[in-house]
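There are two complexes below, and they share chain A, which is joined by chain B in the first and by chain C in the second.
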Partner chain A sequence: MKTRRRWIILISLVLFSMMFYLFFWMLTTPYDLFPSDPVRAEKMREAIFNIISRRSIQMLAMIISAILISSTSLVFQTMTQNRILTPSLIGFDAIFISVQTTIVFFLSSSSIFFVNPYLNFLVSAGLMIVVSLALYRLILKKNKNNIIFLLLVGMVLSTLSRSFASFLQTVMDPDEFQSLTIRTEVSITNMNLSIIWLALPLMIIIIYLLMKDYREYDVMTLGEHNAIGLGVRYAKKMNTSLIYMALAMSISTALIGPISFLGLISVNAAREMLKDYKHLPLFLASSMITVIFLVLGQGIIAETGYLTTVTVLISMVGGIYMIYLILKENKA
Partner chain B sequence: MKLKKIFSHRRFFLIIIFLILVIASLSVGILDVSLSDLIRFDQDAWNVIWISRLPRTIAIILTASSLSIAGLIMQAISRNKFISPSTAGTTNAAILGVLIGYLIMGNQPVIIRSIFAFVFAMVSTLFFMLMLKRIKFKNVIYVPLIGMMYGAMISSVATFIAHRYNALQFLNTIGIGGFSNKAVGSYELLYVVVPAMIIALIYATRFSIVGMGEDFAKNLGVSYGVVISVGLFVIALISSVTFVMVGILPFVGLIVPNLVTHYYGDHVKKTIVDIALFGSSFVLLNDILSRLIVFPYEISISFTMGVTGAIIFLILIIRRMRYEN
Partner chain C sequence: MIEMKEISHAYGDFKVLDHINVTIKEEQITALIGANGAGKSTLLGVLSRLLEPFEGDILLDQVPLKTLKSKDIAKKIAILKQTNQLNIRITVKDLVSFGRFPHSQGRLQKEDHQKIEEALEYMKIKDLENRYLDELSGGQRQRAYIAMILAQDTKYIFLDEPLNNLDMRYAVEMMTILQKMVKELKKTIVVVMHDINFAAAFADHIIAMKDGKIIEEGSIDYMMDKAILDHVFDHDFCIAGVNGRKVCIYYQQKETVLEAE
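For the complex of A and B:
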């Protein structure tokens, strides 16, 4: 009974934040939305329609990313047996930026791989998957499931690619650099909406693949030995999940840029709320919490005249929450 | 006896390399300074050396050796090979300190900037160490991950404040430095790290003992709290001053101690000189590289260090993994 009430609260909060993001600006706008003059009324209706349709697409992008971020974080925490890690630590954003920089540097910004958003996304996502596959081959195969090592190597790799990208950026032509920033400075206030119709079906496929065997993840929470004993093909499961994760991270990074602590907060908040270990309800709840965070947060920040950005806010809240988690976990 | 011979042999080798790199660093530059000019005591040639080349080389040596030592101390007292000022939020706290100092007092001389950076770095490192003490499950890699997330949180606070007070542009300039502008009159503050290094040398043995644990240290009559505080003071001083003066040098505090202790063992007192030598050679080499790649221009040393350091670090990790297998 109690959990049902919590679900109702969650769903209504999600609906509220969506409504808030789409319509709240109407209440605070200084313009008269329903002028009596029929010509102006026609124009105004057009404007309102434009704003709402633009905001719906932005919201769709946020929802896609929210679902991807929370599902990957959830699975990642199960695989690492650790509640404080998120896959964003591997530093896919750095790899993304260096792929973009490399394309522009060697093929110029008028290259089809840069101009066409779909092709560009396919190339960068493909390369990210290749990189992560190489990492897994190199580390996980030799070192049975040592995902913590993977994380460390990923972090070093991200510094490497960031330095490499900055190096190319300093020596490249200034005009080329200008066009490069369109792709590299993606954030939640500057979303890359051109790939959204590719991202949506991809997201559905990934989530289906990731979540169709959600019960295996439930078993995996028992630890590697128990899971293998109970018939889970642990290593294979790990490898495939990591590939889906790489794809998911590349989509969300390309859409709304990197947001470091978001997965950590929402998954842990979902755990606290449901007091459950099963992955299906956790996945649903954490996705909803992420949507609330992103959409409502962005709505409020847009209302307050962009006082700060959602990314900064989430890093701050998330960091404090992480410290709280560490201290609490060790008290018990 | 034989072991000792190899040991001194290695150090001799290191000194030779170090000297060669110093000479190379003195001779790379846009103005032509030939050996015959120097022998003839040509005034212009000597001026180039005194005013620009030598300060730059000294700045590199001071920064590199002190940062490597800071990393060594941090790794010794936290008993973790993957911790360094850059993976424990110390650098991020220094950035926050510089920002706050700027907001309170406007543009100020480097010395006041350094004080702000120092205070913040000290407090934040202290907090991090206290947090570490409460973590029971101390996985070697888990701890620096927490450190990096902690650093990310401090950075986000800095971004938040900067955004609020219109100082984002200033925030982006903090930590961008390098050695290219170091000449007479702009590098002297770096000498502050010399006393810090001397303190480190005096306390070297005690740092190793503290690394063996609180109870063990107390049994040996070492005051745990005092030694830890001295260590934190040295780390915060070195990392804040070098940060304000030259900016971020990725991986120095992480890789150099790791490589050297790999060959010489963990006894701080025995390795501290070699670490200083090795660190200086490493950064000198990188600096020369970054001056030569796009000669007559130069690229920022943090990029070069990021690339070479990352590659070395990857090799280290992979080797360690093989060993663990």
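For the complex of A and C:
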């Protein structure tokens, strides 16, 4: 079976990426990993163990984000009935950064809402939910079929919230600004691992809630009218999906920072690969593709001595792919 | 039986439905006619809970529609709107299988497969079941959608301009199938239509709307009347009898009169 072979290839690529990220450095390192001197060997074993466990945690963070990014992008595309928009293109992750800045600006960096990573996360996630629901009510609901308009809104929104954040950062006390950068300058090479043990269970819950009625999303691909006609509670489904989506975006942005085109690439690649519209296989395949992109990409970048970042690579590939998709959709 | 009581709806300040009271009779084809913007599609949308009316009640077999769960309504009412642009590639069989969603929640059982087969065969598209929807002609695609509605296995079927984009042969075929569904499967069908002659030939009952109100309703014989149709469409109609049926002509009448002189 063709599909089965594709799944096997995907799974082996995922495993390969993980192995690559965890162990490949051992082959290229200039140090002698297994010295003959027993004392040094002991130290070296400790060092190897440290590196591998650090990389495991980083990998876990990437996997959590990968799953969240692809599932939300997939659901978002079903909600807005297109194949081009993703939450980050609409500016969801930019909102997260400005929420962080706002907290520091108005409550100071010594505030418990900033210092405690869990409380901080909860507050920012809560604000994200409010903002995204408002966004949905005001813009998404009415302009669902107008991709170009939504892209423009996304551009304006992310520029606006970035400028707002940088404005606050400029007038901020320099010390406060210093502590703020810890949260806002999060990227894949500078992950915020302090919340990972909150992120993991939250991810599992969100994915469970999001995907437990995945068949309703299948029906929703037939469009709003057909979906309601077939008994899907469309408005309610939209609202709850949006809340999960805001939460998911908060987690992934807090962990590894914003990565614009990742969801777009992986969901569309999964669609092309499976030639399917069903959400369960699409979710699994796109999550795996995202993991490959992030983990393997980051592994390779690490080997080159961090010459560039995965984010840059993904933005380049993703940007070109998005232009291709828009051109293709326009033709059809 | 579906009853609408004092239904009103508006888009902004514009009243689309104005205190509508109407009863949909069972095991009949009811045709909804009226000029563009008369409120036909909105009425159909309200009837099938796609739209929630601002005012009024709809009783589905004596039970208010509001109090029913969406899932349960979907077992009684099926609705097909006029625009069906999909952005996914899906086979005919998969589309028809979606009709079973209210019953199976997507986990198809033996009974569901049987209903899907029946619907495919009833609409004579069994041979197309593995084809993709975008490869089909307009008529075949429309039949696939009707098959989905049929698989939904509801007593009431609401169709919004099902004859759009169909050529005459397919349009006649579609209406004949609807008639057959009423007779054989005891369905109650409401159709929004533009072609009065089609309504006259295939419907049992005609409801005429104008400016958000129902201005006339009745049997074919009663409704195929110059005064009524002139009033409904603000247009000059000419009713003629062909093979014992009433048909109407509504174009180029002045010229033909001149020529006759």
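The rule we apply is simple: the second predicted complex is superposed on the first by the 301 of 332 C-alpha atoms of A that agree within 3 Å, B and C clash if a C-alpha of one lies under 4 Å from a C-alpha of the other, contacts with A are read in each partner's own complex, and residues count from 1 in each chain.
FYI, a residue touches a chain if its C-beta (ideal position, glycine included) is under 8 Å from a C-beta of that chain, and two chains touch if they have at least 3 such contacts.
Fair warning: this is a prediction, and the values are worked out from it, not measured in the lab.
Touching more residues of chain A than its counterpart among chain B and chain C is B.
By the touch criterion defined above, A:Gly318 lies against chain B but remains apart from chain C after alignment on the C-alpha atoms of chain A. Residue contacts after overlaying the shared chain place A:Leu160 against chain B, while chain C stays out of touching range. Of the two partner chains, chain B is the only one touched by A:Ile84; chain C is not. By the touch criterion stated above, A:Arg215 is placed in contact with chain C alone, chain B being left untouched.
In the superposition on chain A, the residues of chain A contacting both chain B and chain C are 82. Across the complex, chain A meets chain B through its residues 82, 84-85, 89, 138-139, 142-143, 146, 148-149, 151-153, 155-157, 159-160, 162-164, 166-167, 170-171, 260-261, 307-309, 311-313, 315-316, 318-320, 322-323, 326-327, 330.
Those residues of chain A lying in contact with chain C across their complex are 81-83, 215-216, 218-219, 221-223, 225-226, 228-233, 275, 277.
Residue ranges on chain B touching chain A, taken from their complex, read 82, 131, 134-137, 139, 141-142, 144-146, 148-150, 152-157, 159-160, 163-164, 250-251, 294, 299-300, 302-307, 309-311, 313-314, 317-318, 321-322, 324-325. Those residues of chain C that touch chain A in the complex are listed here as 48-50, 70-75, 77-81, 84-90, 95, 98-99, 101-102, 105-107, 152.
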